[in-house]
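In the two complexes below, subunit A is the common chain; its partner is subunit B in one and subunit C in the other.
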Partner chain A sequence: MHMTDTTIIVRYFGLLAEHTGHGEERLQFPTGTTVQHVRGSLCEKHPALRYLKYRVAVDTALCTDDKVIDGCTELALLPPFAGG
Partner chain B sequence: MSTTEKTTKLKNIFIDGAITPERIATSIANHQTKTGIGAHDIFLGQVRADTIGTSIVSAIDYTAHTEMANTEMQKIREEAFARFDLTCMHVYHSLGAVSAGGICLFVFVSSPHRQAAFDACRYVVENIKERLPVFGKELFAEGGHQWKENR
Partner chain C sequence: MGRYDRQITLEQVGLEGQARLQHAAVLVVGAGGLGCPALQYLVAAGVGRIGIMDGDTVALTNLHRQTLFNAGDVGRKKAIVAVERLSAQNPDPELLALPFHLSPANALDTISGYDLVLDCTDDIPTRYLVNDACVQADKPFIHGSIHRFEGQVSVFNHLNGPTYRCLFPDQPERDQVPSCAATGVLGVVPGTIGCLQATETLKVILGMEGILSGKLLIQDFISQTVRTISFQRDAVQVRVAMQRDISAEQDERRACATQEHDGITAEEVQQALDRNERWQFVDVRELHEQPHVDRLQGHRIPLHELAIRIGELDPALPTVVYCQSGVRSKLAVKLLREHGVAEAHSLEGGVLAWMAEVKELNT
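Right, the complex of A and B next:
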């Protein structure tokens, strides 16, 4: 592991947990990795993600694909909300 | 909202299973000492036995990103207090299975006057549905499921 790598916990919720077969996984990415890159990498592991609708939250805040994950601890994949 | 209320730790809105009528009744009773209040508004979300094709929903199994949902709920709470003349506000949401007919969301807002209570209640409910990362697995009576999606 490179000293500046980011280790991030990827959490899958609802339908996504069902399709990926994971609640969460711990993954390492090099410095400067964006959410877009993480998504691409996750699609290779879990092809179902290519056609499922979801949003990404990093450290509990929704974010866009250009967000850099350096120093972050958690990346959550959130399918459509169904509260209430 | 007062400064002291703002600095309190994040409230947990989640409770296991259905929200009981007794909890709602107790919550109403707890406000009888707050005599500055002139109007309450309450919203109760109830699990509906939807028919999907030939299947009937018998329960919804709720999961959530609870830390994120509680953080987002705190923001909605602060927005509601900033926008409306509220005295207090309470929100509960179920986690786990709630059978059709059970209460899964309880929003309770209180104000000196009715207009603020009506407006705040709608604001809070709409924002909960749109912004809280809560997920619902609709369980069918004869087995199988589908994932609910708010419209």
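Right, the complex of A and C next:
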């Protein structure tokens, strides 16, 4: 592990937890990694993610794909819920 | 005098606040798991005028979570039964039963007659319809939704705050996001989320602080953790809602029946089996999910393992993939086709539809 790697907890909400088989996982990314890159690497690991609509929040704020995750601790993958 | 004393005592309510509640007009779209508890508390608090919109009739399977109804109501219109029960609970509010579904044809007209809206619906297209009609009619709305043991609450379009599209700009297809019928639901989950919606409704009417505008509350009922995610208004998405020509649309419920699909019906599968055709069945549910259907026996590969276990399947055989309701199996079909299982079909409506149509259940 490089000294400046970011270790981040990825939390899957709703249907995403079922489709990835995880509620959360701890992952490491090199310095300068963007949310877009994280999404890409998660899709490789969990192909079902490619077909699902979700937003990403980093440390409780919704963000766009160009957000750099350096120094962040939590990344939440949030799909819309239908049920009521 | 008397009924509302305990809330009038609160500094945030007072006599002025009680008068505000009395003069408020609220539309509750959906009188189900979310709508029932929300309605009970709004009526109890003395909200002046409440429209209750739901086209469904009470079913036996509703009773474990839809607390306004009892066994004698099965088959009756929810909106009408709800008005009966709620007017006995508190005769003060003016209650109106709207025993039909929110549709593109009636959305703008109906919503325009109220100050704010509660989205207590249970499918994705209706949630986007509530959003777009509320944006166009300039009404705030209180969103509640659940998935198994998780719930989401937010207040949208409040004083120029963000909208549902600002949070979720890409509308999923109806069958990409499962309903309670498909996933299962413990009554207390929509019960709690519906109460949170009523809470936010009262806060908005009373003009209180801390309203969940620009904030998505997510509650996980297993770990009992609550998170709040902040987000911003997105002018592009507000424009998308504003520019939607709602009343020109045909009812989505009918439109989706004509959409192209890669599904197969329970009846078609039954016929193929009766002809002794060789099919390969793949159950992509989790291993604990019930019931097992004898006639559909084959591979059991939970969806999240499918990509790595695809080699277990014979790509040359016609393949039927199924899950509980037909949502996960649709995704599975996309994956299988990408991996060379060309003739893969998703069982429409899943095991639930199979049981209903074929009634050939064997646990």
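Here, the second predicted complex is superposed on the first by the 80 of 84 C-alpha atoms of A that agree within 3 Å, B and C clash if a C-alpha of one lies under 4 Å from a C-alpha of the other, contacts with A are read in each partner's own complex, and residues count from 1 in each chain.
We take it that a contact is a pair of C-beta atoms (placed from the backbone, for glycine too) under 8 Å apart; a residue touches a chain by one contact, two chains touch by 3 or more.
From a predicted model like this one, the values you see are computed outputs, not experimental measurements.
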{"item": "Which of subunit B and subunit C A:Gly71 touches, first, second, both or neither", "value": "neither"}
{"item": "Contacts of A:His19 with subunit B and subunit C, given as first, second, both or neither", "value": "second"}
{"item": "Contacts of A:Gly84 with subunit B and subunit C, given as first, second, both or neither", "value": "both"}
{"item": "Subunit B versus subunit C as contact partner of A:His46, first or second or both or neither", "value": "second"}
{"item": "Touching partner for A:Thr60 - first (subunit B), second (subunit C), both, neither", "value": "both"}
{"item": "Greater residue coverage of subunit A in the superposed arrangement, subunit B or subunit C", "value": "C"}
{"item": "Contacts on subunit A seen with subunit B and repeated with subunit C across the two complexes", "value": "13-15, 57, 60-61, 76, 78-84"}
{"item": "Subunit C-facing residues of subunit A, complex", "value": "13-15, 18-21, 46-48, 51-53, 55, 57, 60-62, 76, 78-84"}
{"item": "Touch list for subunit C against partner subunit A, complex", "value": "30, 32-35, 120-124, 127, 144-148, 150-152, 167-168, 170-172, 176-180, 183, 185, 190, 216, 218, 227-232, 286, 302-307, 328, 331, 334-335"}
{"item": "Subunit A residues within the subunit B interface of the complex", "value": "11, 13-15, 57, 60-61, 76, 78-84"}
{"item": "Residues of subunit B touching subunit A in the complex", "value": "45, 60, 62-65, 67-69, 71, 93, 104-105, 125, 128-137, 147-150"}
